[in-house]
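First chain written, first letter: the chains are A, B and C, and each begins at residue 1.
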Amino acid sequence: MSPLGARTLGRSPSEVALDLALRHATYLIFLAVILYFGIQSPAFLAPESLGNVVKQASFIGIAAIGMTFVLLTGGIDLSVGSVMYLAPLIAGFAMEAFGLGVPAGLVVAVCAGAVLGAINALFIVRFDVIPFIVTLATLFLFRGFGTWLTSSRQFDFAPEMRAFGLSSVLGIPTPILVFAVVALAAHVVLSRTPFGRQIYALGNDAEGARKAGVRVGVVKGSVYVVSSASAALAGFVLIAQIGRLDAAFGEGREFDVIAAAVLGGASLFGGVGSAWGAVIGATLIQTVKLGLVFAGVNLYLQPIMQGLIIFVAVLADSLRQRRIAISRRRHIRPSA
Amino acid sequence: MSALLRFESLSKAWFGVPAVSDLTLEIAEGAALGLIGQNGAGKSTLMNMIGGVVEPTAGRMLWRGEPYAPARPADATAAGIAFIHQELNLFTNLSVAENLYIDGFPTRLGMIDRRAIRARTEEILARLDLAVSPDTIVGELSPGERQLVEIAKALHNEARLVIFDEPTTSLTPRETQRLFDVIGRLKAQGRTIIYISHILSDVARLCDAIAVLRDGLLVDSGPAEAFDVPRMIRSMIGRDLDGLFPPRTAAPGPTPLLEARGLTQPGVLEDVTVTVHAGEVVGLFGLMGAGRTELARILFGLDPVEAGEIRLDGAPLPAGPRGRIARGLAFVTENRREEGLMMEASIMDNLGLVSIRDFGRGPAGLIDRDALAARAEEARRDLSIKAGDIGRQPVKALSGGNQQKVVIGKWLMSAPRVFILDEPTRGVDVGAKFEIYALIDRIAAAGSGILLISSEIEELMGMADRIVVMSRGETTGALARRDFDRERILRMAFRETAA
Amino acid sequence: MHSTVKAAKTKRSLGARAADVFLSDYFVLYMSLAYVAVLAPFLPVLLAPANLSNVLSNMWPLLVVAVGQTFVLAIAGIDLSQGAVVGLTSVVGAMLIATMADPVVLANAPVWGLVLTESGGPFGQMEWGFLLGIAVMVAVAAAIGAANGASVAVFGMPPFMVTLVGLISVGALAIYLTQSENIRHLPDAYVMLGKGDIASVHLGPKDTPQIPRRQIHSFVTYPMLIAIAVALLAHLLLAKTVFGKWVLAIGVNRKAAELSGVPVRRVVVLVFVISAVCAALAAVLYSARLEAGRPTLGEGNFLLDVIGAVVIGGTSLFGGKAKIVWTVFGVLFFVLLSNTLNLMNLSSFQIDMVKGGVILAAALLDVLRTRLMRERMR
């Protein structure tokens, strides 16, 4: 039953080990990072600091889970940073205008995110413009629209908002709970539903998926809705912890989100990635950030470490792809 | 036995050139039909018509007595026809079970009913004697196992007719044996089979009936007992060559230009030795999967080789294609669109791609546009490429024959010593074919050497001074022009079967 | 009958002529001019010399960066690290050539004492020291570009991720070097490169101008000369040289280029070097104009402006379709757009919104142009 046992015949143990290491590079890095910081300062391994890591990772993590859907189809969504800003803002206005509670506001934010995603999907599927350009344009559009609504002033939410953000259920902070629910839901959708499996099929071979009867347009459009809705939720959850929304919120976050998803094993070429991976990717980045704080490294140097880790993970993936390509070369003669 | 599939005067022509003509044939339910013929005989066109990829120009098909006109591949699947190609249509990032069900998962509460698909897949895999878990990712399977998954898909779709197109090309002997066992079992279950292969002994062994195509015509058919391998070969060949090829104008010289000795790469080539002399056209024949393209890629420095040496003009060649191009090697690949041309770029840009450095002036490499344009125009006239403004017209606006002339032209502009031509007339109409043959003769007469790779035996007999035959990565024989004989050449190519 | 045929003919030729304009290299220029013509009556300030000079001065540095990006897009790559390179090289240059430095601001910076002291940087007191500084800026950028290029060409990593890592790490390094502070006190000769207007040099001593500085409408400036020189060289390189042909060939069909003997790896590395060096040259213009090296110079929407401007010009993200003239017009249009929206008293964020709309419109136009082009070929 082992998926590896029979498949690794005829290769030396060191080659098998290298394949394994390249395939699970992110996990190895994660392990190394935790061990390193744990030795540097044992306090880092205390439950509360680890809990803090997950809580802080939830923001990028939730959006990265949504981004994974898009990357799986071989697309990209650059507009998530602006959606994080605009969708919660719309929710804020709705809460103010209609006296909605925080849960209702959350629903409004997610719905607003879904609508923004549908705009991306419209241009990508219907007008056949490449995702990079569409989402680059909506990055500007969405943020511009939001600042037009606020006249680029800060937006203050009602105090209940902050109470929600800092609340906890059964001792688990709400952001972690939301993160967990989103991750679980995404995992189930991706791995257990026809829609999820068709996303993978589409990313592996779009033409093949079309031939096999998959409704490619619908699947392709849906992932942008998922991505934007997740970004909206991510923004809402973080804003709930802060209590206000300023005009620069979410700016440049699209890159953090993509980095987390890729670190979690999602490929920019589509077909590879998982919700679980996005969680790991986002958490790893946050672990490094916090670990470097514990280790007393200059604040400004932290991104360099992050960059280095992303680089190593992408490099490992590229090397793995190359090894696969070489091993797939056509063999004519029966090999011994 | 009633006919499952029947062709009635089925024809298909491409731009007036017939690929399949007036074909009438029927396949009995539960039978296994072996379909053989040389490349270009019309087998692929026929399969594409069955599969809903290509529409017939005339005639009709009957499926279980009803008119059958598939518009899309999905129609063929729905009717109960499954194709097992050598390039498999599987999603490598999904599991075996998911590949079977991708077009319609059974669900419970919106979620895939994993237990159901696993159980059903397990049952199908057991029927095929394939001992892998339904949850195994297809990317982890060997080519042979993937083929069985493809067959499992056919079984899952309740296919009545399973068509195998060169299924053993990338299989090991053990995997091949297992495939044959499975085919036997499919027959026992009453499924109908069409088996297409170049390995004639396999066809003879697996099939009840045999049909031979040549030039789009059904030239021979009957029960398998009546066919032995020599009869199959005799039926496949036999075309009049007169007028199809220009006369060769010069005899090859004595000086060896390209000498490859003892080339060996595990799994690809075994001790291959080839020499091309000045002014000589060496034909390289082999069936699909014989290693011809692999040899070409190794000669050009694209793929690694473990042992052996390659010399040009007596001196060893450097590694990598760039050094070899500089020494005078040229390679026209079999894949014009993906490897030969910049389809979106102009004819002139394509013609200038290899030799562009010759037109760079000064340290900055400023291009002498006038010289380039003049030289490209000369090449256009020389090759009689039918085009308007070569500086503006993109290559993709040209016909296949003219595109191929552009590929040859880009190499000619660098005045190479040895040409490797891999299937230079594939997808080219008859008129342009003749022009390309004339061009080959001219290049040889000018003193360059040519290695002409082709799966059309007549083409090689018409153009080559010498033919080298390959099979399964080895050279199995060589014939001088005066000894050219179709049957002998095919026997060498079918080595394992017709020895 | 006869007349209707004739009418149809003229009509068609008119349509054909419209299509010619639409498909021409100069389409974006025509669009910019039309845009100005339409807006000028409502916005008289637009054509005021002061404003035109302002438009131009905003255009030059952006053009230099965009020219570099054009090369990368031409090989179907992308360079997200340009903004970070602008920031880093501006800091590197400033710390080498500053004539003095304030310990209150910079004493915490890791470069303090090592490179930068109270009496400025190592080249600060030399007469031509600023040129040395620029040389080092270019060298640093070239090294970053080479690292990007090598990762893409040798290891086969996706350009997006490689340069994203560059964006993150190079940007952080820039901020780290000065602990997020600006380095001021740059030599006059250097500052001149950013804002020196050539006409006023001859008008008399700079500290006592005869006319108030506001009223000198500088059109011929150093940044203009530098940017035009860069664009011209880039145009020659991309359109007229062997190297340029190789770049475009890789963009159209990398496999065919490789099989035809194009030194693909070397060209890819060089393209990323060009992109980074252009960023460094723009850093000279930006930091000289600002009279300071600032680590965050290329942050925020800068990068998206660059890519947006290049794409509006008509360069394709799929590679193989790129011209420097297109980029010049794309940058012009983008700068004009920002400027006019500013004049209309829109906030910077509303400007972003319009920019987004324009990028989308440009993409849709491109889909249309490609379709028209295809029809014409038949």
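Basically, contacts are C-beta pairs under 8 Å (C-beta built on N, C-alpha and C of every residue); 3 or more make two chains touch, one makes a residue touch a chain.
Just so it is clear, the structure is predicted and the values come from calculations on it, not from any experiment.
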Contact-pair count is greater, between A-C and B-C, for A-C
By Cα-centroid distance to the whole-protein Cα centroid, the innermost chain is A
Expressed in whole Å, how far the mean CA point of chain A lies from that of chain B is 43
For the pair chain B and chain C, the C-alpha centroid-to-centroid distance in angstrom is 48
When centres are defined as mean Cα positions, the distance from chain A to chain C in whole Å is 31
Seen from chain A, its contact residues with chain C in the complex are 76, 123, 127-130, 132-134, 136-148, 151-152, 247, 251-252, 255, 258-259, 262, 268-269, 298, 300-304, 306-308, 310-311, 314-315, 318-319, 321-322
Note: in the complex, chain B contacts chain C through residues 300, 302, 321-322, 325-326, 331, 333, 338-345, 349, 352-354, 356-357, 359-360, 364-367, 369, 393-394, 397, 410
The residues of chain B that touch chain A in their complex are 73-74, 89, 91-94, 98, 102-105, 107, 110-112, 114, 132-133, 135-137, 140-141, 170, 172-173, 266-270, 289-291, 294, 303, 472-473
Contacts from chain A onto chain B in the complex sit at residues 1, 3, 6-7, 188, 192-194, 197-198, 200-201, 203-205, 208-209, 211-214, 271-272, 329-335
Per the touch rule above, chain C residues touching chain B in the complex are 236-237, 240-243, 245-246, 248-249, 252-253, 255-263, 320-321, 377
